[in-house]
């Protein structure tokens, strides 16, 4: 019933959800994920179409080039997150959310308006490293496995616990010796890296890339993944991302009512399962 | 180069003042805490005790005055840095990591995921059975004990306890007293404690400092302080 | 004592998830009485009060107010009945001024003059609040917040006052004053259910008392009986 | 569970054909117009064909992921050809999938440069404004030779607008007119005060705009209200009667570049318009509806011809797709758009383009495109 | 000089729309401490209600195709009625997306999602019933008033926008009086800060929240109608576009402050207007960059109160 290409998008959804989850674990409602995702995609699109040396005109785009793109995108997004994280993470709660949305909007408008990034049309004819969706499935599966494994590990490490402590009470965490600024920044940078890596693959998978992906809707939808899945442990966002990405597709048979039912799910989900599909151990 | 100060002064507070708008919460307070002692801080409500804690732990910037920790200034240090220097505190209004389990609360403070060590600390405050319960689900008194253990988990040299015995009944207060004394010996730490329950403080503390309207009005052994007319008038009341 | 109690708990049970905090509690308060509810940490005292003011549902048993079952009432309606609950942990509205907190305490009352009189009474009871009337409640010291919480509960001019550890965090002098004042209020006809760790003080003003242990009633009697009860003395008063 | 493309094509209910339309998301208006066109075409071509099309319409949303999902879904269901997607951006993402899997795509509404070049399986019936835009500028000059100063508006984040305005601007330059200002807007803008007051300060005689229908309608209304009296030339994106109620009496007199005119007097168009009117209470069909209809017609007629030449029955799906694609590109079609055929790349070759002038009825809410000779 | 004046006027009149939108947001924020993402959809409902009440017919693509309200009401009647209709929608949103969560004492994050869900449902319901097409209110609603008023020196303002500005001003005045002067204002804040405590004080927080939703949605309904008068209803996503700007405006002015919402709206409007024509494509970026800088420099917004934390 579910098509391979949908599986690919589901894995992408899970990755983006993890990117939202990371700062949220540290109590930071950052909605910048689609921005870093777009940056990752743009880096990949530019490199693979503009740098002939990478093998963009080969029949099959070399995996090493893909890896290289990944590294560049991660570096760019990570660096950017590091630079803007410092001032931005001083903001709290909804203010942080709005500031990050503002950044995403700025990025979108600038990318859509500058010819270097393909302007309104975007960059297209992006070379394919894989013959079909199966390749992407494996690549995304690997990426997700790595990120999920890292998150799971992180949660058991002092850093992960410090993140959760900051969400509960930032001030108390500071008084217990947690360098909250540093922890928040790490979470933010990690999130940017995950999103950018997901974007690199997406640019190839989508054959084309434009900055419309970086919009407010996307920010909120990925947040919905996390909330519905559960925001206390890594499995929550993964499940949320998988389920909510698949849902609109699974609802196709009901035709015009599909988005209404989708809306109902995200309306009723938090009401009936306030902790999300995956609960934390305690309480 | 500053001359080395006398070694047994862990923390020195000099001419410390704090203003909130027009309100002088602390007024030229001088106090030095000796290594290994239990120093009690008492005074009427709003005298500035918690504010003093806040200044020491870097949460409130002093408007005036100096803090010296083992001879080095604490000026401009962030709370987390101060904590890592070896000053840990509890909060008057309980600030646990409410969603985390008791054991995770301690692990955050320890900065490690060593379960065994955390369990030992929990056992110290008799909460080992609640190890995996969320902190928010504990009764008030138990939350206080957990905070105490959490502060200990940072391996402090100086432990600041704000109203450590609030919400406990007399027998529990006695337990706490024993616990504090034991902790001092076992962990070789110095303790600065705020508490309104005077009998407890009399028995527990080596010295008592009394704040009133932000000023230190008395400092000395419990006996001296108990007899100080200023203290009786401002804090103890005549019947005690 | 009058024939029908003002408040009656019949076989009350309260639980959090599947943990029972209170079980099979029978308790009654006659109009004009002051009843103390005692017990150690986690005994279920606060949970009992929360059930009465309907912050928590009664998992079993009944709560009767003048023979009327409260189970269909919401918290705000219990206030309308005249039940005023001064909760554990103060819960002052940190972002509003002291005055606004007090005014909100009288939210259901319409008689401006009477409100003003009570406001003055509260200020007289706690002069510190009068000094701080325009300060944000969140910036008060712990004890000052406690005063505010008590004063706010009084502003509702209740028929039944539920006090959860009112002396918590108050300086000794103030505890004495508060207890005297509560005694006077009770003499003037205010019914009270008093949860206190300060057992001496509580039994000094209460006419009767109940003792809970791990959620179950272990002892009840007049204040005098309780004061004399050796078990209680041993386990709660800390007498040798 | 994808259909094996080596298995014989399933003709039980007709030749499976899929359509991917933006029925939801912010391009939903276009998708809805297109759906009507496809439904009309189904009714028109099914009877009397030896091998009718079995059309399934799927919502492609208004973004790339949605289009990709719908493309994959329909290809896996064994579609022999596809119609869609609605937006050019979506085409850049989704059409290469069809190209790789050898499924012919006839795009009904992609106008960005580079779409047919995505591959030999990709063609379109939606003409770019290359021919029309200069035509409409010429017409404006013919109506008012005094025009010297031109203000240009376009939505800077919209693929269609940016493509078309480039053509317009070239045409303006070619006529030796003076472009006094170029104002950029954003796709979802509704209020254009700033751009308009700034443009009016440059005292243009003519305004040329490339915007989608709703934005364009708003802009024209505000332009007129703020006192612009000169000529207005609008692009292809506004070629829909939906603009009448939007700019109301302010629409009167605007010149519009059309890839489709309801006034075109051919049999194909007359019967199309009649069908549309019958279904839509006498309304006039918009361009998007006509183009969707034409896309369906292209596939239906190509199928019919191919089947006559070489019955498709029992042929492997893969081969059917290839044959069908070749036949699509080979043929000439009498569509409501006029006579069309395809370049080898798949670019539409359309004979008739139109410049129409809007004439509003006195009620101010309905009007008519009158063709300018 | 006149050019600059015109730009200012432009900015103010565009800003008035943002301000009106943000006022409703701010009211809900002041009681719940959360953002109601369904606000944009309620605003859209207001616009469609106004259209229908004015006698407009449903276009061809919706389920209600061809239907229309039997009467064509005058604008002054239709607008308040649309406001009431929107208020009803707002109450519905509150009942399904907010109340159940409040009962459970859920964390604020959840409200964002449930209200988003409610918004998605509303938008798609509108599309299902009314179709995706654009609708325009009749052009002659202002009666004898000209479409544009000349203010002298060649400076002009569209009459509709003047109207919007006036409504925004009045709404702000009433709201801030209500929030700051009446005892309801305090109760509202109490509910926002700590619902449990508010209930312990006898405040019927449910009723207060409903009241706030009703007022905010009424306002949204009226503004939806007025904005539709100014720029036409572009489709079911009409209000969503304002949602994001409104959010920015709200934060710029300071969460929970009615004058802040208006000030923020005007400032963003003017900032956009002052973007030179050449760079007009970047005007959204400029507005958001401005917002971003403001946040960094003054995190609590222009008129917001700085957060206070006592240990």
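For clarity, chains are labelled A, B, C, D and E in written order, and residue numbers in each chain start from 1.
Please note the rule applied: a residue touches a chain if its C-beta (ideal position, glycine included) is under 8 Å from a C-beta of that chain, and two chains touch if they have at least 3 such contacts.
Chain identities (UniProt): A = Branched-chain amino acid ABC transporter permease; C = ABC transporter ATP-binding protein; E = Flagellar biosynthesis protein FlgM.
This structure is a prediction, so every number in the text was calculated from the model and none was measured.
Taken together, chain A and chain C share the touching chains B, E. Farthest from chain B in terms of Cα centroid separation is D. Centres computed as Cα averages put chain A at a distance of 30 Å from chain E. Distance between chain B and chain E, defined via averaged C-alpha coordinates, is recorded as 50 Å. Here the CA centre of chain B is 75 Å from the CA centre of chain D.
Each of residues 124, 281, 284, 309, 311 in chain E touches at least two other chains. Contact of a single residue of chain D with at least two other chains is seen at positions 24, 156-157, 184, 186.
Shared interface positions of chain B, i.e. residues touching 2 or more other chains, are given as 50, 59, 91-93, 95, 137.
The touching residues of chain A, counted against chain D in their complex, run 1, 3-6, 9, 109, 112-113, 119-122, 124-125, 128, 132-133, 205-208, 210, 212-213, 249, 252, 256, 258-259. The touching residues of chain A, when paired with chain B in their complex, are 156-158, 161-162, 164-165, 167-169, 171-180, 232, 280-283.
Residues 57, 59, 78-80, 83-84, 88-89, 91, 95-101, 104-105, 107-113, 132-134, 136-137, 150-151, 153-154 of chain B touch chain A in their complex. Against chain B, the residues of chain C that register as touching in their complex are 16, 19, 38, 40-43, 46, 88-90, 128, 139-147, 165, 168-176, 197, 199, 235-238. Against chain A, in their complex, chain E makes its touches with residues 35, 37, 96-97, 100-101, 104, 106-107, 109-110, 112-114, 116-121, 124-125, 128, 243-244, 247-248, 251, 255, 281-282, 284-285, 288-289, 291-292, 295-296, 299-301, 307, 309, 311.
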